[in-house]
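One chain, chain A, appears in both complexes that follow, with chain B as partner in the first and chain C in the second.
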Partner chain A sequence: MSRLIKEYKTINAQDDILLFPETADNLNNWTAMITGPPNTPYEGHDFKLYISIPDAYPNSPPMVKFHREAMPHVNVNYETGEICLDILKGEWSPVYNLLYTVQSIERLLSEPNADSPLNLELGILMREGDKTAYDSLVRYYLQRQK
Partner chain B sequence: MTQMKSKTTPITSDYIDDPNYEKVHNPIFDSENISSFTLTEITDHKTDSGVLSQDSEFEIEDFAYSDDEFVYDDEENNETYDSMLSQPIKQITKKEMSEGSVPNLNYEVLTTQNIFKNMLSRLDHLQPVFNIPREDILLLMQHYDWNEERLLENWTERMDELLVEIGVSQKTSAVATSLEKKAENPDISGVKTKRGIAFKQSFECIICCEDKDTQTFSLECGHEYCIDCYRHYIENKLHNGNVITCMDCSLALKNIDIDTVMGHDSSKKLMASSIKSFIQKHNKNYKWCPYADCKCIIHLKDTSSLAEYTRLHFSPFVKCDAEHRFCFNCGFETHAPADCNVTNAWVKKAKKESENLNWVMSHTKECPKCGVNIEKDGGCNHMKCSSCKYEFCWICEGDWAPHGKSFYQCTLYTNDEKSKKKESEDLSKIMKKYTFYYRVFNEHEISAKLDWKLGQTIGSKVRALQEKMDVSWIEGQFLTDSIKILNEAVEDLSELLQIKDPEQIMKNKLEFYNKSGYVENRMYALMECGRDLLCKGICKPTD
Partner chain C sequence: MAPSGRRTSTSRLIGYGAALTIAIGTTAWLLWNSSKDEDKDMRATNTSQLYKSKCIIVTNSASDSPNIKWAKILADPNVVLIIPPKVEFPQSAYENHVVDSKDIYKIIHCNTMAGVWACVKSLKKDELVLNSNDLGENVPVDIVRYVKHISNVEDMTSVLDEVE
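== the complex of A and B ==
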């Protein structure tokens, strides 16, 4: 528990990060806002992340999800918002923290990985190397949500 | 029977060291040592042939291991040979051949312990080549999936890079020329940290963020965490079968580090899971015995010819040390003379049809009078048994006469089957055929189980022979040999085997041989014929 408290303090000390517990008295559920990185189809959009901390944290990774049907991305299940990222699964190490996790997911937006697709539609476009089509489809999805 | 058992305990204990001892427990199965089955060989040269076959096993093993990945150095490892004798490479018997087993299938039965032992002896073997500690070679081998060739190739090309990559040593700016220097002094970042446990007062661990007096652990990289966090971390990783690294960098924990942190030999668990994942990755050559709770692993080195044999409807039947026989290809129990395709089709069908079969079972009724199975394929509920002409009501199975004119009054049963009559007739035809064969199959299975039970009593009969007739154990084996064949029973032989009186058994000894020989030949012929039908395409699996 002291680990989460410390992370909370560290995060609070920085004011440019949008990562906060859902309620102040419960550090087991967090939300984060990430902004679409520039020069990606996600630019100009904000995305909400739901983070829930398992009891075994930091020995087990936090569980992170996008809002359902909000994130068109090859490594994200569009329907559920589930994310496929190595550090959230087997590659997790206790030295990572929530901040690092959120930053990794932010990085995932600009570096999609076609080898572990959760969104097959986008995965196929990406495999084909059709970046224009990929980006357009992402934009279409994002536009539709507005 | 129980009396005999208790009397003979001292005798059986004498046979514990006998190589044939296990036969007492598993009398049904063939011994792999005797490939041909003749009267004289067994009665007169039994002991000789036992010794001979041991020798030949030795040779086979020698040969088989020579091009294996676990190569043994002949002169160096005499004691390894001794221990390996209990895991002889199995040789195919005549019976297995006729079943359509792949001829001369060379395989070995292993356990995870065997594999681990093999791995360790590989390390001993490789140590002079690498000239680094065994623990380090183990890490390399784990990374390279025990593919020595690939490892050696990369090793000669770029050993320093490799050591860093795999986490044996840290990145060095000034490349150490000698390996030993490197091992001793891997850290050049200035912060010299010793690998191992230290005790620190008011240590703040960045994992649990607690400030306490505690033992800590770190590798040469200096990433130091409290022992509790390290234990949690290792515990979580033990079952993945991968090399465990420092939490913050790629420097690897050796088995000895793991044991140091955990305080006991947890690295065994890691080795076990590592072996499991090795088998998973090489599942073309390695198969777990599919029987519940059986820990045996079958290793088939050369799978190249299997495809060709499959074309000829041969199946790679193997037998593990617990005497479980199964097909290496499809993982089902031995299915001779059917090949894997036929077996698969049958199993699939059985799965699919079991629902339909339930339907049949619940939609057919026995005639209340003569017991013949009747399926109602339409029409009203006024049934007339075609066999005994008994008239009854389908709903209540009672006599029809008192129903009089109050048709359909038994219940509110609605009859809408008429329109489907034609369709259901075709269906029921197939269904009937399937049901018939399924029942046959079932009956055989039951009777095989009964035979197995009979087999269990043979051991005590052999002991009774020793006791009462003063027959040696070896000589008494003709009983055991007979029961092996009874698996595919024929009644005469089965009757002989029911004899309880030891004297009577000895009197009929010749009879045993004759009958079992006959049954055996018959069985071979049937098996051969079955395979022939498949080869010629006369029998084919259908849906």
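== the complex of A and C ==
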């Protein structure tokens, strides 16, 4: 817990980061807001991340999800919001922290990985190199939610 | 006297039984008849009413037609257009084709046919409307797992009239 308190103080001291615990007394559940990167179909949209901290943190990675049916992305299960990212699974290291995790997910929006798709159809579009269809379909899902 | 009384109550029972049988029969006939009428109504209903959401693959015969009112079609929140490779969506060629900017996101452009089918599978709309002759290839067999109904039509204009 002392590690989380340290992280909380660091994050709290920065104005430009939208990463906060549900309450100051409970550091086991956090929320983050990430912004769609420019020149991607996510540009102009904000996305909420739900983070829960396991007891074994930082030896185990935090559990991070998008809201259900909010993130059309090849590495995100659209129905559940589950994210497929190496550092959230086997590649986690205790030297990583919450801020690094959130920034990695933000980076995933502009660097999707077709090798580990959780959204099969978007995976096909990526493998086929049909970026026009990929971007069109993502924009359709994002706009439909409004 | 006793046997005669027994006879009276037996015939009364037979009478009640007969009346009950007639009542049940009449009710069953009325129910069957009304369900037949409903079936007729269902058959008469056009496909656009049966299937709420639609995914339309716009091929050249449709995109070249000046008579299809795309703006009106896209105003329906349940309709999505998929534009296959080498097909132009005539946004400004004809007056009726000018689509409201708020509906532009419902037009999905694809550069590959694999992309077209991946979009259809992802969208999972009730009905898929297409002209397979115009498309120049067969519909993948597994598409039926992703849509409830496929309208493979020769003349897309008539089908799109229903959508409007």
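The rule is simple: the second predicted complex is superposed on the first by the 146 of 146 C-alpha atoms of A that agree within 3 Å, B and C clash if a C-alpha of one lies under 4 Å from a C-alpha of the other, contacts with A are read in each partner's own complex, and residues count from 1 in each chain.
In this text, a residue touches a chain if its C-beta (ideal position, glycine included) is under 8 Å from a C-beta of that chain, and two chains touch if they have at least 3 such contacts.
All figures in this text were calculated on a predicted structure; none of them were measured in a lab.
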Will chain C clash with chain B on chain A after the two structures are superposed, or do they fit? fit
With both complexes superposed on chain A, which partner does A:Ser93 reach: first (chain B), second (chain C), both or neither? first
Once aligned on A, the angle formed at the Cα centre of chain A by those of chain B and chain C, in degrees rounded to the nearest 10, is 90
Figure out whether A:Ser116 sits in contact with chain B (first) or chain C (second), or with both, or with neither. neither
Examine A:Ser136 and indicate which partner it touches, taking first as chain B and second as chain C; both and neither are also allowed. second
Is A:Ile124 touching anything from chain B or chain C once the two structures are fitted on A? First, second, both or neither. second
Per-residue touch tally on chain A - higher for chain B or for chain C: C
May I ask you to decide whether A:Thr80 touches chain B, chain C, both, or neither, giving the answer as first, second, both or neither? neither
Please work out whether A:Ser2 is in contact with chain B alone, chain C alone, both, or neither, and reply first, second, both or neither. first
Using only C-alpha atoms, work out how near chain B sits to chain C after the chain A superposition, in angstrom. 21
Okay, in this complex, where on chain B does chain A touch? 206-210, 223, 225, 229, 232-233, 236, 240, 247-248
Complex contacts: residues of chain A adjacent to chain C: 119, 121-122, 124-125, 128-134, 136-137, 139-140, 143-144
Sites on chain A touched by chain B in the complex: 2-3, 5-7, 56, 58-60, 90, 93-95
Show me the residue ranges of chain C that touch chain A in the complex, using the header's touch definition. 80, 105-112, 114-116, 118-119, 121-123
